[in-house]
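In the two assemblies presented below, subunit A is common to both, partnered first by subunit B and then by subunit C.
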Partner chain A sequence: MIIPIDLALLFFIVVIAIAAITTKDLLAAIVLLSAYSFLMACVWVEMNAVDVGFTEAAIGAGVTTAFMIAALSRTARWEEK
Partner chain B sequence: MIEWIAQHIVAKYNFWIAIVIMLTGLYATVAKGNLLKKLIGLTIFQTAIFLFYVSLSDVGTLSGLGLHYGTAPIVWEEGIHRGYMYVNPLPHVLMLTGIVVSAATTAVGLALVVRLYEEYGTLEEERIMEKEMEIDKRGT
Partner chain C sequence: MSLSTEKRIQERDVVIQTIAKLMIPFIQLFGLYVMIGTEGAGGGFQGGTVLAASFILLVVAFGIDKGRMKMPEGWNAVFKSLGLYLYAGVGGLLCIIFSLGKAEYLNYCAIPLAKIIGGPATRGFWVGNIVEVGIGVTVMAAFVSIFYDLVRKEESVEEGGAEE
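The block that comes next holds the complex of A and B.
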């Protein structure tokens, strides 16, 4: 792995994870979760785990986001409080 | 002392960051009232564990800064004769299974969330508890 790239990606991952759980708009939270998964896929490619990387890009960033948006379209968009 | 900190804390920063992400996910799972937000926290929690295992397999993290890095575990004709280093593929395969299981558990959780919304008309845990209490009172 390449340490500067690793540190930069992990910094963004922590920031995006905190943003995803603090926002009140659930659609924004889901999109942030998708960005989180994509950055995680970048971390895995950079750590030489290429198979995990493309599985995460397809399943984590793709399928899970689609499932969550499908569930959100049947429920409420805004979180209370 | 400084050497000890460099060896045990700075050189293993991936593990510390994995712990930070894991606790972020745990906080969302426990403390947030919205059920969909709980599922998002669960997904973050799972991904942090994958990060921990993939960091374990990486040879570049622990074996010195800039000395030698492992490559991806792919057979490479010339490299075999030269004795090249590659990252441990076993945790990768385990985490591959874990990602698929994570997507499946998220899908089951979302199905339950949609069903709960149809029944109670809300995703907030407190509202669901209140409505459940009302139904109990009316029943007795």
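The block that comes next holds the complex of A and C.
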């Protein structure tokens, strides 16, 4: 566990989370959540929790993204104001 | 954007298909390794998730029709029930067979078979592996069933739009 790498990854996670909340493009929000999950998996692996890390990568970055895009294909892409 | 959704779905990329065809067996092997390969207990949920992700990769690359051909929708309930029976039934069966006070539910290192034949002590002569496979099969079938539900609703919406 290296503190500067942790802090950098957590900083990017916070930035990506805020961007995913504030964007109006839902497809971009899904991709941002996928990137969020990938960085979260990096954090888990960096904290020596490898099994949690690749579970996060498989569920968060893989399965959930496919589910959300499949759900998004039934609705509009842009969020209404 | 002028293309209809049906045309966009039917356009397949040869790069994605080749990479998917190459990677899916290794992903499934990795899922099996996570489930039953390591010494310690645990890993059923993670392995089942990796298996489900490999199936979703197949559907993304080749389309839902080939996915339905590989794993028909009726198998999901069978797999879910089979996993639950493996998870619960192995412990119950061993509690019945070794009902001498030596077998405890989900405490399979106390089974005397592990000491006779040998093997990982925490796994209890592969009984723990059967439990992990049960958990993994259930998790995989649940994820694939959720994915099928989403895709089927999408198709029904498209058909409704086409009929209008």
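Methods note: the second predicted complex is superposed on the first by the 81 of 81 C-alpha atoms of A that agree within 3 Å, B and C clash if a C-alpha of one lies under 4 Å from a C-alpha of the other, contacts with A are read in each partner's own complex, and residues count from 1 in each chain.
Just so it is clear, a residue touches a chain if its C-beta (ideal position, glycine included) is under 8 Å from a C-beta of that chain, and two chains touch if they have at least 3 such contacts.
What you see is a predicted model, and the numbers here were worked out from it, not measured in a lab.
When both complexes are superposed on subunit A, subunit B and subunit C fit side by side without a clash.
Of the two partner chains placed around the shared chain by superposition, subunit B is the only one that A:M1 touches, whereas subunit C remains out of contact. Looking at the shared chain after the overlay, A:R74 reaches both subunit B and subunit C. Look at A:T55: by the touch rule set out above, it reaches both subunit B and subunit C. Within the superposed three-chain model, A:A66 lies in touch with subunit C and out of touch with subunit B [touch as defined at top]. Taking subunit B and subunit C in turn and counting the residues of subunit A each one touches, the greater count comes from B. Taken over all C-alpha pairs, subunit B and subunit C come no nearer than 6 Å in the superposed arrangement.
Overlap of the subunit B and subunit C contact sets on subunit A: residues 51, 55, 59, 63, 67, 70-71, 74. Residues 13-14, 17, 20-21, 24-25, 27-28, 32-34, 36-37, 39-41, 43-44, 47, 50-51, 54-55, 57-58, 60-61, 65, 69-73, 86-87, 92-93, 95-96, 99-100, 102-103, 106-107, 110-111, 113-114, 117-118, 122-124, 127 of subunit B touch subunit A in their complex.
Residues of subunit A touching subunit B in their complex: 1-3, 6-7, 10, 13-14, 17-18, 20-21, 26, 29-30, 33, 36-37, 40, 43-44, 47-52, 55-56, 59-60, 63-64, 67-68, 70-72, 74-76, 79-81.
Only residues 5, 34, 42-43, 45-46, 49-50, 52-53, 56-57, 60, 143, 146-147, 150-151, 153-154, 157 of subunit C touch subunit A when the two sit together in their complex. Across the complex, subunit C is touched by residues 51, 54-55, 58-59, 62-63, 66-67, 70-71, 73-74 of subunit A.
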